[in-house]
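The structures considered in this document are given below.
Both of the next two complexes hold subunit A, though its partner changes from subunit B to subunit C.
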Partner chain A sequence: MKPAPFAYHRPGSLADALAILAGDPDAKVLAGGQSLVPLLSMRLAAPSALVDINALPGLADITVTDGRVRVGALARHAAVLASEEVRRHQPLLALALAHVAHATIRNRGTSVGSIVHADPSAELPAVLALLDGALEVASVRGTRVIPASELFVGPLESALEHDEIATAALFPVLPAGAGVAFEEIARRHGDYAMCGVAAVVDGDSVKAAYVSVSEVPTVVDLTGVPDADLGEAALARLDPADDIHATAAYRAELVRVLTERVVARARGEAAA
Partner chain B sequence: MTTKLMGQGVQRVEDQRLLRGQGRFVDDVLVGQGTLHVAVLRSPHAHARIRDIDVSGVLDVEGVHAVWTYDDLAGLAPNMADPLPLLIPHPALTQGRTQYALAKDEVNYVGEAVAFVVAEDRYLAEDAVGRIQVDYELLPPVVGIEAARAADQLVHPDVPGNVAARLVQDTGAPGELEAAMAAAPHRLSLDLTVERSACTPLEGRGTVARWDPDTNRMTVWSSTQTSTGVRAVVAAKLGLDLGQVDVVTPDVGGGFGVKINHPWPEELLVPLAARALGRPVKFTEDRREHFISSAHERGQLQHIEVGFDDDGRLQALEVTFWHDHGAYIPYGLIVPIITSTQLLGPYKPRVYRVTFESLYTNTVMVTPYRGAGRPQGCYAMERTMDAIAAYLGKDRTEVRAANFIQPDEFPYDQRMTFQDGRELEYDSGDYPAMLEKIKALIGWEEFPRFREEMAAQGRQVGIGLACYVEGTGVGPYEGAHVHIETSGKVKVATGLTSQGQGHQTAFAQLVADELGVRFEDVEVVTGDTRRMAYAVGTFASRAAVMSGSAIHLAAKRAKEKVLRIAAEALEASEDDLEIVDGIVSVRGTTAHIDLGTIAVLSNPLRYAFDERSKLATQFSVGDPGKPPVAEDDEPGLEGKDFYSPERSTFASGMHAVIVETDPRTAEIKILKYAVVHDCGNLINPMIVEGQIHGGVAQGVGGALYERMVYDESGQLLNASFMDFLMPYVTEVPDGIAIDHLETPSPLNPLGIKGAGEAGVIPSAAVFASAISDAEGFPITAMPISPSDLFQLRRTLTEEPS
Partner chain C sequence: MSPDTSTEERHEVVLTVNGVAHEVSLPARRLLSDALRHDLGLTGTHVGCEHGVCGACTVLLDGAPVRACLVLAVQCEGVEVTTVEGLGGPDGSLSPVQQAFAECHGLQCGFCTPGFLTTVTAGLRDNPTPTHEEAREMVAGNLCRCTGYQNIVKAVERAAVIAGDATAEEAR
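Then we have the complex of A and B:
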């Protein structure tokens, strides 16, 4: 469990980082390393170089401006989870982050890194998708904003080009009177969920997003669906699969149970 | 008067060091400059013939010092080309097969060692491993017990039916079981499954070796449960005398059984490389390697036929089981023999016959894992008890009580041969009293009301109970050496190893009590062949019983000499002496002498080394007419003794649990867990309770979380802690209610029994019992996950029987 040889760069400016990345098509960006480093150790990934962005200035900021919570690329899960301002403006982030792995991993792992990794078992991609957020990315070619709806291409596959670095994630703040909820069921506390559901209720609108039951984070519009049909309506859009921890049928049942619970709770929050 | 420490919850002296990160494990051993590192090429296939191994791509790699395959072994040491030893032969084990240190011609499980690389560091060694080309011819793998029994394919072509051994034990005369079964008023049969799991200590295997060419001596540091076992086999395989090999076991980060197996291929290849290359060599196993190339346990299929009377008393019990021992069987039949004998628990069936087959499969081999076959036996018996209770409509505790061996029936001969080749004869116990305690502790009588209250809230709960008897403290022997220094401090050595049990504490308590010294003045060393060359090892809950007794006896011998010298020095009778806090005094007087001075006096000196030692020099002491050391005496204040019991001592226990199962998500929540435990006299209740806590946690893992998921090609799909679900603190019971019973063992001077494995033995049984109770249908396969339970509910609803 030792990585194959790779070159290591720790640039001091975003421009330098982008230049190195543009010059090496086999290089990978290292932020928190909570997914990448195990892949390296197991030699499931063997990049030619790592571009460590931890020395880049200004990327750890968490701000609320223009109706959006902006989480910088180096903001750790723990910092986002601890931010009162984030909790006030978009409570769904804290609700979801409480389920992300364990304290030691949250101390090091970054929220933007988790989104870029695009793991359908991860909480934050589903949150970004549900809230219709976006990702700010930069490359030597310039900057652009990728909306969540275009970001998640497949399992562990995002729309980022190789030479791009995600610099921030943008989560719209929760409108007044709206409510959110999140719940998941995992084998052990902190494990990847067998199924997770996030919901947002705003007036008549009811939407839910799902973790671990589809190949990419999937948002289902449940507006107007009678309570008794919520689970089946969601399942029509989802594709739960078997793995060693749960059968597809069991996951489908978790979709039903959690959809009912989470929508009800989001409604409760909206009414509160 | 010094307080007796036996029975006191003395704080563990190990913890300051271990909890502050100051433990010193094999990977921390510094053996000087120039240590080389190892990586092993392991088979990616479960069953294949090796056509060719091409190492040419590795030889020229900068930093690589050696690349060995099987063909190199004979040239390195004459015995290395032979298979690894079959550690525990048995007459019924007619088809024993063990692996070679490096695969010869074929591989039989994913993870089997094929080539061995030594390089400047582990990174380079892994790079080199990646460049070795092996041409495999794939063979059909045998995965799972059903496939092994079907024997459409064979693991070893010369082993018919994949059967290594078939063993039958019958407590009755020929035909007696059949007659008793036929005469029984009621009969039931059960088919049960237990899946594979594993010890998974947080520290994997590891070995460091240094060869000293000037003295022709080998020093090996290994993360093992038997340093003397490793020493013997390293010497034998490398063609060395025992006196040329020292094995030191530093801190061990958990063993749980897996490290009693030896030698691992690396345990021989590392010293071999150290000698061949003239540099220290280190192997530290990584997590994936531990999953696929150490050992597993637990996998069995069981079939039970039972005949019983109206009270549920066992008239005839016939058990047949199939034990999956993996690709090789170095540890012999110990695990299935333990299952077959310890299955009986606290009960006395009129006649019992058990038959098992130990089967080869193309998976990681099986050696003992904490409990070592007992959890499976307990599961078989306790599922049977529950089935009888359900059939008769009786309370589950009543059926058990009807079958208990009674307190006045000890010693009780179960008419079987145990794992040590001796009679399965229980020494002591009080099972009815224990049952009363566990019922009170869990709230058995109050449970029906609790169930109703929960049901009113739409919640579903169940209660379960499981009883076991555990043979502990097996032989052949352990020894101890107690040395009182001239400082008055006491150095104790015993040869078995420690993996965190708190031996330094518990053994020091025994020495402090026997010698009358301060606990702080006693230092205990374990697992170092330089300090104690004769020893067996740490397994079968034997350390306290075996080494504890030996240490007690050795301390007694040292004390005899202390009193003899003190009596002479104080001109008093030995009978009038007492030792308190390291001072020997004559009762009722002020005359006294300290142990350090006695140690000085015990060793006639020519040369003084300090002020006090002048007392022992030639012009100060001794009768010029006699030799300074009497003919039947020896210099120094030491005691050495060995303890070797006739047979094992039998601890016992009962666990009970209340679980809640979610009607929709099938999540299984532990509401209350209770343990009553009897390991005879307690040396240190805090350590015993710690062992129980750890065992219960491991048992929760085994019952509800952990399993080895092999696919049909023999790949282990969950060879990581991400997918092998060892429970976190969040998954184990939040508090365990514990009560003790102390029925002393008559077999050893301290009246103690072992406690190391107890906590894990009844886990599968007790959870199956409680979940069955909550769900209203029998659970027959363990472990069980929420997904399994959900599917089971569906099957039972969709296909009502």
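Then we have the complex of A and C:
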């Protein structure tokens, strides 16, 4: 349970970080490390080098501009969760972040890192997908914005190129009159969910996104679906699988129950 | 055959732990938990699962509870690290949290205890008067395999009372 040797870089500027990354195809970016360090310790990952971005200036900012909550790459989950401005402009972020591991992990882990890690059991990729957000990325070749719909390629696989660093995630603010809700069921408090559901209701539009029941975050449009059919309509788009935590049948039942519950709560929030 | 690591690059790092600066030479892959125990001899920090689940290695980084097994020691230059050794008074007296764990039988084998003590110390600093639910939530990220959580939660609530009394005493 000790990492294999790697070179360590702690650049002081984004340009330096990008140059190092571009020069070493086996290097990995280290932000909060709450997923990467266990992978290193278990030797599921053995990069040649780590580019630690924790000393880069300005990346911890959380701002609300141009109708978007912009979360910088070094903003810790705990800081995003504690932000009154985030809670006011996009309450779904706080609702989901309360389910991300435990407070001690949230003190170090970053929201952007969780998105880039693209774990289908993680909450934030589903939130970014549901809200139709985006990721700002930089490389020596320039910058680009990847929409959430193109970001999640497979389990633990994002559309980031090897030489790119995600600098911020963009979450659209909640329109006035819209409502959101989030709920998940895990074996133990703070553990990865067996199934999680996020929903947003805006006028007639009803959408839900799912955690742990598909290989990539899946957004299902439930607009116009009668309440009694919500669960089945969602399941038609999902692919719950067996694993050590739950059977596929049980996950499917969680999809049915949680979809109804979360959509109803989002409707209530929209009406409120 | 294990790989030759004799040529592995080492980094000169100053780790400030419990107010004392330590100059150490470390490979980048040295976890903070191992640096504390092996390089500094501070064996109060315990290492359980080594992948961030159990909470035994929890230390405070600039006051915030963090898993020491999920941080590299080379990342901790310029950071104030507090371990369980730094919680008591300079005269060896117990902190309110340590005293409460002793009074309430909040520890049995003691393996998980350093992680609970650091976590609860920061938790009560941020929320000095937790409700029963908040006291439970405070220790939700730490595993204990023998004492049982009931007495640990009692210890959190008792620590809040002891710390509150001490504050009131100072104010008088």
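Here is the rule we go by: the second predicted complex is superposed on the first by the 272 of 272 C-alpha atoms of A that agree within 3 Å, B and C clash if a C-alpha of one lies under 4 Å from a C-alpha of the other, contacts with A are read in each partner's own complex, and residues count from 1 in each chain.
The rule is short, and it goes like this: a residue touches a chain if its C-beta (ideal position, glycine included) is under 8 Å from a C-beta of that chain, and two chains touch if they have at least 3 such contacts.
Quantities reported herein were computed from a predicted structural model and do not represent experimental measurements.
Trainee: Name the contact category of A:H89: first (subunit B only), second (subunit C only), both, or neither.
Mentor: Neither partner.
Trainee: Just to be sure I read the superposition right, which of the two partners does A:R267 touch: subunit B = first, subunit C = second, or both, or neither?
Mentor: Touch status of A:R267: no partner.
Trainee: Look at A:K2 in the shared chain and tell me whether it touches subunit B only, subunit C only, both, or neither; answer first, second, both or neither.
Mentor: In the superposition, A:K2 touches subunit B and subunit C alike.
Trainee: Touching A:M42 in the superposition: subunit B (first), subunit C (second), both, neither?
Mentor: both
Trainee: So, does A:V257 touch the first partner subunit B, the second partner subunit C, both, or neither?
Mentor: A:V257 sits against subunit B, while subunit C stays out of touch.
Trainee: With both complexes superposed on chain A, which partner does A:G190 reach: first (subunit B), second (subunit C), both or neither?
Mentor: After superposing on A, A:G190 lies in contact with both subunit B and subunit C.
Trainee: With both structures superposed, pick whichever of subunit B and subunit C touches the larger number of subunit A residues.
Mentor: Larger number of subunit A residues touched: C.
Trainee: Find the residues of subunit A that appear in the contact set with subunit B and again in the contact set with subunit C.
Mentor: Residues 1-5, 42, 189-190 of subunit A touch both subunit B and subunit C.
Trainee: Note which residues of subunit A are touching subunit C in the complex, please.
Mentor: Residues of subunit A touching subunit C: 1-8, 10, 30, 33-34, 37-38, 40-42, 50, 52, 54, 78, 101-105, 107-108, 189-190.
Trainee: How about subunit A: which of its residues touch subunit B in the complex?
Mentor: Against subunit B, the touching part of subunit A is residues 1-5, 42-43, 185, 187-191, 194, 244-247, 249-250, 253-254, 256-257.
Trainee: With touch defined as at the start, can you tell me which subunit B residues reach subunit A in the complex?
Mentor: Touch list, subunit B to subunit A: 122-123, 126-127, 130, 286-288, 664-667, 705, 709, 717-718, 722-723, 725, 727-728, 730-731, 785-787, 790-791, 794.
Trainee: Please output the residues of subunit C touching subunit A within their complex, sorted ascending.
Mentor: Those residues of subunit C that touch subunit A are 3, 5, 8-9, 11, 27-29, 31, 34, 50-52, 55, 58, 61, 64-67, 69-72, 74-75, 119, 137, 140-141.
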